[in-house]
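Think of it as A, B and C in the order they're written, each chain with its own count starting at 1.
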């Protein structure tokens, strides 16, 4: 089977500033991948190009051999780093929207998770705290049976309890043939989940490796290696 | 039993060790069924792929048997268990011996220290 | 997918317009009832009329505001992260928003006419109006060789095609503004002026070349109105074609930007 995600010489500039520079990357199916880099290293830019929210300056993105488009959007489930839900809808209306547009969305899964968090599906998003909105968004994204999950900073800026909940939700909904890409700079929190890591720095990939290889060969945690690679 | 995993060694090796310990200590009795990979992974808060890898290793070691239809169970072969237990014990002891040598103990001294400590414990 | 997008667009905008229509209707009724009770135009009637007019003005302002907001906010701000990751084509977003905008504009006009009728209604007025209209149509048909209903049909098409090109011009302007990393709103206004001017120049050029726009020669007065019918029909047809061409161009610009030059930051 083809790689679930492939970038070829992918480049993105904003004016004179280059955010992503000639990135070549291949992500195989059936693993949890950490896209790791400091703030401003180009993680979000890369993920947004895969989602067609940003247009590459040059180079290409392939998702299972296809260029981004309707077919890839059906199989990619994306959690942006910001809140993309309008605030006038009720939670159950958004669930209906997701089930309307995504064939692989499992409403039952979403309602079960909401129930566990005691979130009322008839509440409006307007009345919810920022943290609750983030959880609702994660629940929506993880209730899809997608082939590729792109989670942009899912644990940035949340308290440790929420962090545990988020990681548990990601793991609890992970299917072995799916691929999850998690971008973050908080490595120690997620490194136990990862199969594979991609280090990104100033728009360039500086290291790709399986996590066990790093621990075996270097006898280091990913966090320790990260601190070494990105030492200021 | 809480799972204790460090980040500087491959997680699957640590899982292998801890599951083996659970088998030896009877948390999972001989012949009993193991929970699904998913459930075990969720309990240990690790990636299911990693748990899968650990279980494959345990199977190679002969501690776990995979049934074609009904998942995995602990071996019923007490002898096999004994062998694995001994192997683990030997690993532990050789690691211990290595450290003691670094501290400058010769084998006789090591034995004496151990004997003394065992006596202390009995009291 | 288009149907689903249409449904959500309708929901998102309906929560603004339906209450507006309801309050417009309510104040039309209140004005009517008040004016029945006190024949002299007194203070309560004045207040009720004023509120009615304010709602009416607000309604038309809202058709424009909502049209711009739905395009700019729903597609080109944070909400766009969801809209553009739905498995739909950009053109489907444009068409669904266009159709829903046209729907509300039409509905607003109907609501305005209907409520004016409520306020000014006199016994027998409606049947009188209908009789007058049908008389007019049959008279016109007698004058002209072609049926008047065809001309009326043409007028309606002309109105809607002009409306379409107007809305699409606004979408295209916003989309062009999106290409700029700074001062997007200013750039949108600039794009609006430039696109509009460009369209005017092109239309003038075309009409110079094919010389079929005798619009300037038509003096609509009751005398020669009937005699000018072929010219009017030609002008209408020309207008429809021009609006269609403009719409196609604006649509192409918007669709190109949304599908090939999208940069949500």
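We take it that contacts are C-beta pairs under 8 Å (C-beta built on N, C-alpha and C of every residue); 3 or more make two chains touch, one makes a residue touch a chain.
Chain labels with UniProt names: A = ABC-type multidrug transport system; C = ABC transporter ATP-binding protein.
The model shown is predicted, which means the values in this text are computed figures rather than measured ones.
Once CA atoms are averaged chain by chain and compared with the all-protein CA average, the nearest chain turns out to be A.
Relative to the C-alpha centre of chain A, the farthest chain centre belongs to C. If each chain is reduced to the centroid of its CA atoms, chain A and chain C end up 42 Å from each other.
If you average the Cα atoms of chain B and of chain C, the two centres end up 75 Å apart. Taking the mean of the C-alpha atoms as each chain's centre, chain A and chain B sit 35 Å apart. Contact residues of chain A toward chain C in the complex are 14-15, 48, 51-55, 70-71, 73-74, 76, 78, 80, 82-86, 88, 93, 97, 100-102. For chain A in complex with chain B, the touching residues are 30-32, 167-168, 171-172, 174, 176, 188, 191-195, 211-212, 215-216, 219-224. In the complex of the two chains, the chain C residues touching chain A come out as 1, 4, 7-8, 11-12, 15, 74, 78-82, 84-89, 181, 260-265.
For chain B in complex with chain A, the residues that touch the partner chain are 5-12, 41-42, 45-50, 52.
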